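Look for subunit A in each of the two complexes below; its partner is subunit B in the first and subunit C in the second.
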Partner chain A sequence: MKTVDARGLSCPEPVFLAKKAMDAGEYPFAVLVDDTTPLENIKRFANQNKQTIKVYEADGEYTITFEK
Partner chain B sequence: MYDDKLIVGYDSSDDASVYLAREDLAIVQTVDFFPPIVDNPYEFGLIAAANSISDIYAMGARPITALNLIMVPSCLPLDVVREILRGGADKAWEAGLVIAGGHSIEDEEPKYGMSVMGLAHPDDLWHNDTPRIGDVLLLTKPLGTGCLTTAMKVELVSKETEGLVIDTMARLNKNGSEAARFADVSAATDVTGFGLLGHAAEMAGSEKACTILLDSKNLPFLPEALDQAAGGILPAGAYKNRSFVGEKVKFDPSVPLEITDLMFDPQTSGGLLLAMPEADVSEYLSEMERRGETASVIGQVTEFRTHPLEVR
Partner chain C sequence: MKKKNLILVVVTGLALGAAGVGLMLLGNPGNMGFCIACFIRDTAGALKLHTAAVVQYARPEIIGLILGAFLISLVTKEFKPRGGSSPLTRFMLGFFVMISALVFLGCPLRMVLRMAAGDLNAWVGLIGFIVGVFVGVQFLKKGYSLGRTYKKNVLEGLTMPAIQVVLLIALIAGGVLLAVSAEGPGSMQAPIWIAFLLALVIGVIAQRSRICQMGGFRDLIMLKDPHLFWGGLAIFVAALIFNLAAGKFTLSFADQPIAHTEWLWNLLPMVGVGFGSVLLGGCPMRQLVLSGTGNIDSTITLFGFLVGAAFSHNFSLASSAAGSTPGGRIATIVSLLVMLIIGFAYSRKSANA
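Right, the complex of A and B next:
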């Protein structure tokens, strides 16, 4: 699965990268972030674009998988 | 050191410090500076200056002098520095204040702002945490500058909206303040980094003295802001403000998430939040209209209900 590493990036970059991956259309893909701000922003982005996501947290990092 | 003539200082969350120079004369002093929020150096100068002067207007005072504070990297072309300062000078001219001097140092990231001094009769000063129960709340600029300047970084915003965002941030709160001089204003502040709800929480105070009731349907937003907020283009400050205000606010569940997000959106050079009697509102609104500006009635101050802030 393709993973976009958005760790250490500040907003709006993580959402922008998620949008690029979504537009590429290669499902499933994951976006990796290390802060709650990009996590919350990507949740909103996914909701606006009617995407189904799963969030997995480990050691303060979040893997957000876009399923479709 | 203690000086009893310092009538507003560190112990208050007011917008500026106030020193009683004479019984009938208060000196209001403030300072603010920040890194560029837009690419154009002249526009950055306009915005930084409008933001610095705003604290004086939020106290109900008249700005008279300012000192420039500028930090720039040595590699920054002198033309760019001149453009930033020209923006500041133009705003100072518009505000009718004199730039009396300033200080510049080298720094890795550019920053610009002003320390501004204003004057007022002590009885005419507005404080930010003394709203009167029954008063109506007005807001003089639309919300969404934090969200939209974030979106502008990756060119998600139309050129038309971008221009409007810049104009809004560069607009002085002069008219908003002067148009309210006749009114019996009970509390005033400018909406900046803590967002509408952060500043409204300061206004409501911590003593369960009142509840500030905000009507989400009457809030003014910049175009495209709701859409960008719904798409997750929010700065980290919006989430910090949400967690800072936390339990102080009760939201009606019908208020959409993007509206509550924008109520926490940190504003740069935001509008004035004014509490005044309902009887003064129509005259204030017509005076604003006469000056080519608008204000929105966004809520009211009530007896304490369950939370200092309530949004419905």
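Right, the complex of A and C next:
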């Protein structure tokens, strides 16, 4: 699975990277973030674009997978 | 979850608008009940980094905002010391955003408070601000990035909140440590505890809601996402209602409190504030809130604001009710040029590690 590493990047970069991956259409893919602000922003972005996502948390880092 | 976040950002906006007018009625300067740029400038004066006698006062609103964000981030475990994303560039951006804001006479927050009081000069500023954000978004689309942040020692994250505690103690103790204006805007003060506690509460909800006026326009332009925009609109609506109720609404260009009427020098500096805020990833208030949560990059930006404010008054760059200064006009252009250079320098695709 393609993984976009957005750790340490401040918004809106993580959302923008997620959008890029979404536009490329290579499902499924994962976006990696390490802060709650980009996590919330990506969730909101996914919601607005009717994406199915799953969020896994480990060690303060979040993996958001886009299924479709 | 989604709805809760939206309510939170709107509530934060309403609280800011209400506090902006309320603190003015309680003694803060005209249409300056709450202003990040002006109050950092006043604090720079209190610390004698500049000696403009009319704008010296360690504003408790700044202290409260940072400490509110700090305390809530401890509770929610969002306090995370991190930094290292092009710190010097952030310092420079903070420096020039502040200089630009003081040519206009206000940060995005005061701009909205002025708009809601009928100050048409601020509406000119808004046009500039939106243009600035739009320009910034073009750089984001080209891949602009200041690079990643990394985890830092907890002491780094505690530094800014600790400085605020020291400032608060010095402020309450009074005496000769901090300079205080005897006249002018710096002498117009809401009661310390009301201002502090109100800002503390706003710091808490601002951290939770991530309200940011630059973000409002940026997300609207770039992602068609109005989430943060509702917060900015809420500031305006609340301030408008309170101003109308208090009889503080006067629709005009002329004779507005602490404002000048030179349209070009209201417009261009706000282009710089909007553009610079996009490059920084947040407007001045958002930077304060982030610095409370252990964000070292925002803390460095804050020091940029502080030094920028000091330079503004030491070198007569800041405007007054009489208008802009020759130095201020040159500084506005220089600020835009520096931001353009930074925008291009960090937009190379290869720079995005």
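What we mean here is this: the second predicted complex is superposed on the first by the 68 of 68 C-alpha atoms of A that agree within 3 Å, B and C clash if a C-alpha of one lies under 4 Å from a C-alpha of the other, contacts with A are read in each partner's own complex, and residues count from 1 in each chain.
Rule of thumb we're sticking to: contacts are C-beta pairs under 8 Å (C-beta built on N, C-alpha and C of every residue); 3 or more make two chains touch, one makes a residue touch a chain.
Owing to the predicted nature of the structure, the values given are computational and were not obtained by experimental measurement.
Contact with subunit C, but none with subunit B, is seen for A:R7 once the two complexes are overlaid on the shared chain. By the touch criterion stated above, A:F16 is placed in contact with subunit B and with subunit C alike.
In the superposed pair of complexes, A:R44 makes contact with subunit B and with subunit C alike.
Legend: residue contacts after superposition of the two complexes on their common chain; A:T36 is shown touching both subunit B and subunit C.
In the superposition on the C-alpha atoms of chain A, the part of subunit A touched by subunit B in one complex and by subunit C in the other spans residues 10-13, 15-16, 35-37, 40, 43-45, 47-48. Residues 10-13, 15-16, 35-37, 40-49 of subunit A are the ones touching subunit B in the complex.
Every residue of subunit B that touches subunit A in the complex is listed here, in rising order: 150-151, 153-154, 156, 229-236, 239, 257-258, 261. By the touch criterion stated above, subunit A contacts subunit C in their complex at residues 7-13, 15-16, 19, 35-37, 40, 43-45, 47-48, 60. Residues 1-2, 5, 78, 80, 82, 85, 140, 145-150, 210, 215, 218-219, 222-223, 225, 227, 281, 297 of subunit C touch subunit A in their complex.
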